[in-house]
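Below are two complexes that have chain A in common, paired first with chain B and then with chain C.
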Partner chain A sequence: MPEITGYAFPNDIHIHWSLMIVMYPYITGFVAGAFIVSALFHVFGREEFRPVARLAMATSLCFMAVATLPLNLHLGHPERSWLVMVTPNLSSAMAGFGMLYSGYLLILVLEVWFVWRQEIIKYARQSRGLKRTFYAALALGTYDQSPEAVAVDHRAATLLAAIGLPGACMLHGYVGFIFGGIKANPWWSTPLMPVIFLLSAAVSGIALLSILYQVVAKLNRRVIEGRTVAALARWLWFFLILTITLELLEIIMLAYEKSEAWHIISQLLTTRLEFSFITIQMVVGGLIPLILLGVVVLMDKYLHERIRNTLCIASSILLLIQVFSMRWNIVIGGQLLSKSFRGLRSPYSPEVFGREGVLMAIVLVILPFVLLWLFNRVLPIFGDDLPAGGAHHGDPPRAAAGAAAGAAVAEVEPA
Partner chain B sequence: MDHAPCTPAPTAPPPPCDAPADAERRGFLKITGGAVALLAGLDAAANTETHAPPPGGDAYNWEEHRWAYVIDTSKCIGCGSCVRACKAENEVPEGFVRTWVERYISGPGGSYVDSPKGGLEGFPPVPTAFTPTKAFFVPKMCNHCKETPCVQVCPVGASYRTKDGVVMVDGKSCIGCGYCVQACPYGSRYLNPVTHTAEKCTWCYHRITKGLKPACVEVCPTSTRIFGNMLREDEPVRQIIDHERVSIMQGHLLTEPQCFYLHLDMEVR
Partner chain C sequence: MEHARHVFRVVLVVIVGLAAILIGRGFLVPKSHGIFGAYRADNVAEQMKARLPAHQGAASCTPCHKGKAETRAAGSHKTVSCEVCHAPLLRHVAEGKVTGPMPVDKAFTACARCHRKIQGRPEKFPQVVLEQHVTTKLEGAVCLECHDPHSPKL
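Moving on, here comes the complex of A and B:
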């Protein structure tokens, strides 16, 4: 017999949106967050992000590739999921998924193609046999490496990044909308929800890239650019402050207004979600990184490089946990609350095996990194002919703006 | 609930064995057998073999119907016949209900609400930590809202509202995403663990289109549940809704429920 506190409606026993629905916004959050980092370089010209720009774009694509998996694993009838694309009910927020996902994927793939086009051509020319056919197919029949063509590549990448940025924001804001638009559930129903989702996506994306950048640089024996780490920390701190503020604001509003549901929501937060919300989301994953990153940002010049890098890694790991707990508290927390407003459901513990289980969630987290490794094998993210420590200098196709840069690239690139 | 047992429970009618209700249920189940056969595409055979034509006749026209439901909470005795009838009629899976009955016990010192198994087996006595001054039962079900969030959020249009005002689910196109379950403010939907699709009360659409009443209305021994066509002036539901002071559940959500309540207490939501 399930443990129910107070009175829950008889059908409010099961958690229908399981761990997979926690994983879905977690994964799309990385898609949007990583894209924001790449856009900081491509669109806003933040030079300090040059060393992570390509890594960010590849990360976004690899997470995008698995974004539909948790949804399909959750659906009662995944074989019918194509109906969402073919016969969408346009009054449903969920029906927008097909359009947003396909549109954003197209932009991302096109941008990756423009950014890596020079490498594709190079490999198509250098390799033999099947490998050559593969790269030739990727090149789509154009082998133009003239400075003009490189300049066009650069402009196209910038334009696509500029379109992709609102695309990424909409893709993830939409996930927040799915929850925020449910008026039956006071824990979800707030216009702040899409904004909170978006800001926490930025946090998770930047945190992931802070870790990835340092790990990949270490593995490749490249110098970790101090200004890049510091810039990532600055932006991470900024988005963290916004996220925590809005997450708290939502609750403070409910409490201050003494809204109809506050009675039960306060119980939810202090009983079922005490650990995952107060301990993890707010203290361990919120307050501590806020202090650590504050130290990095405000005392940067007094910190030894190694200490700064370690502090960034530590806060980023905590923030990845924080964002996961935020997804958990929203998705699962919202269902622990019975719509009777008189009771809470049993605490939810996901199955270990099974298609909606913990193991599957772990696979979903690992899979994008496997894809990233494969991506790097096919289209090297840092370029294999570059001097150690100079990743950003030899990042040709997206090198500094304009045709002049294109000309410089043509000199570096072996024909 | 860990209330100290200080007062005896308010009267709760004895569970299951109410013979008249059972007899009635058997009666309508026989009729349902015919209805199922009709739905299975055997309508021609059924028409010739059934002794009496269905009360409503074959030519059901949904343009001539606008169904509505009235629940008079002052009459409900909490026998649970409606819950059992619904379970049997609609093969509702174990652990879920399409209609349920809630028991409210309240007094100046507090209030207590329960619905053990949705009221399927009636209501055993329950001790309360306060002195109750009133107790009553409230039957609940899908409100078949006009502006229903469940239909709005269904990504593939598997949830829909018929012209005669019944909210239904097409199990053949439902993808089992559960969005409608989350969107329903009344907790009246569930995902069937066997078919993995959303299910809910249909007001026994297979019966009402044959001129019969929903199973829950058919078996209710106290006429708590009243069902009828709003397009006919002589129908009791029309009379009540037009002339009595009726309430709806969670009116602030503006879902326009078509299930109306008489004598609803403020404790109920």
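Moving on, here comes the complex of A and C:
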């Protein structure tokens, strides 16, 4: 039975949005974050991201595949969930999921198809029997590998990445919108919420890739490209600065305005969320990676490669924890305070077993990596005879477009 | 254009897929969906037909349990319906016949739902800090050791 301190309405003390609703934005965040990394290469022509571009896209797709699972585990009637896809409701933010998810999934699958088309054709030609049929069906029966066709592939992938980038932003921004649009809850209701969700998604996606890239390269005995790690660290630092700034800005605004809600939010942050917000989200997961990445970015040329890689991995692990605690603090924190703005309930501890338990959350985190391993078996992420990251995207047609896009990006690139 | 054949194929696949979804949608979306809002309007009538009212109110208990009903009506729980602590009548009686024993929630948590000290409750409403009020172990039907729920005043 939850304990209550202060003046809480008796019916205002239940945590209905459980651990699974924490997991949902966490997993969707990786989809958007990983896509941003792949778009930095495909759309903005950042050559240093070539070695992670394909890994990023595959990661995005694998996390996308499990993104609906936490929601289905939370629903009382998961068998009805498909109805949200066929009955769009323009006046409901939650129902917007149907259109945003399916639209973005389509773009992602198409882009994966264009990027991996050369491998699909190669395997369709090399293999026999059922395997051949499978790859031939995937290739849609066209085996055109001429330079002109490759150039078309590249243009299509770039175009899809350009459409997919706002798509990814909208998919994750809308998750923030759901919270930001709940006006009865002052801890959620702010227009900053979609932006904060989006930026922390970028942080979690880049952090994940920076770990994944080094681990996968080690496992495959490939060289870890120094400039790729450094570039990931640079962008991670950039997005971290933006995220922390906005997360603090939201609180500083509430504190400075001393609005009626600040009375309860200040208590929430210093009592119930003291560990998960102040210790984890702000200090261990915020300040420490900020300093570590600052060292990597500002002192890059003085650092030994191994030290830089280790610092990147360490700060990325801390940032993965930071983003999880941010989701936790928003989703769970918002349900600990009473709508009276004068009372708090005792902290929430999720069940271990069961549909919405801790074990299930661990399974949900592991599952995308299993899918990534499967993806790599069907469509190798690092082709045997291809330079890692997509052989077909450094071709002359993209170089011109990339240069133009790169020039535009140079203005906003950090450091 | 001849090197863009695969693009046309994939666009065709997408168009066929979208058409399949649109046509399939015609079959999948229930006919009465959207008449009154984003839900199946027929469902309202179906639920009304399919579900018997489970709760019948305190008056429905009186014919058989006159003594208890009188005790309750005289005590401070006179406004609390029987079915708050006991199960809904349908679990016990159907079509005027007793169908099974009446379940009852005797746990202290049932009492705590209304009488646990919460600042948000009116001051004059009887409420206690459970840990201070109960001197023995706080478990099971501990409240009923002293209080009669039909007339709770000691």
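A few comments on the model shown:
To be clear about the criterion, the second predicted complex is superposed on the first by the 382 of 415 C-alpha atoms of A that agree within 3 Å, B and C clash if a C-alpha of one lies under 4 Å from a C-alpha of the other, contacts with A are read in each partner's own complex, and residues count from 1 in each chain.
To be clear about the criterion, a residue touches a chain if its C-beta (ideal position, glycine included) is under 8 Å from a C-beta of that chain, and two chains touch if they have at least 3 such contacts.
This structure is a prediction, so every number in the text was calculated from the model and none was measured.
Superposition of the two structures on chain A shows chain C clashing with chain B.
By the touch criterion stated above, A:Ala93 is placed in contact with chain B alone, chain C being left untouched.
In the superposed pair of complexes, A:His77 makes contact with chain B only, with no contact to chain C. Contacts of A:Gly129 after superposition on the shared chain: neither chain B nor chain C is touched.
By the touch criterion stated above, A:Thr142 is placed in contact with chain C alone, chain B being left untouched. Judged by the touch definition given at the top, the superposed model places A:Val152 against chain C, while chain B stays out of reach.
In the superposition on chain A, contact of A:Leu110 is made with chain C only, not with chain B. Looking at the shared chain after the overlay, A:Phe9 reaches both chain B and chain C.
Once the complexes are superposed on chain A, the part of chain C occupying the same space as chain B corresponds, among 4-12, 22-30, 76-84 or 94-102, to 76-84.
When the two complexes are laid over each other on chain A, chain A has residues 6-7, 9-10, 12, 87, 89, 91-92, 95, 338, 340, 342 in contact with both chain B and chain C. Residues of chain A touching chain B in their complex: 6-7, 9-14, 16-17, 74-78, 80-81, 83-84, 87-89, 91-95, 97, 178, 181-185, 334-335, 338-342. Listed in rising order, the residues of chain A touching chain C in the complex are 1, 4, 6-10, 12, 86-87, 89, 91-92, 95, 106, 110, 113-114, 117, 139-142, 144, 146, 148-149, 151-153, 156, 338, 340, 342-343. Touching chain A in their complex are the following residues of chain C: 3-7, 9-10, 13-14, 21, 24-25, 28-29, 33-34, 38, 109, 112, 118-121. Partner chain A is touched in their complex by these residues of chain B: 1, 95-97, 100, 102, 113-115, 117-118, 149, 151-157, 173-179, 181-191, 195-197, 253, 269.
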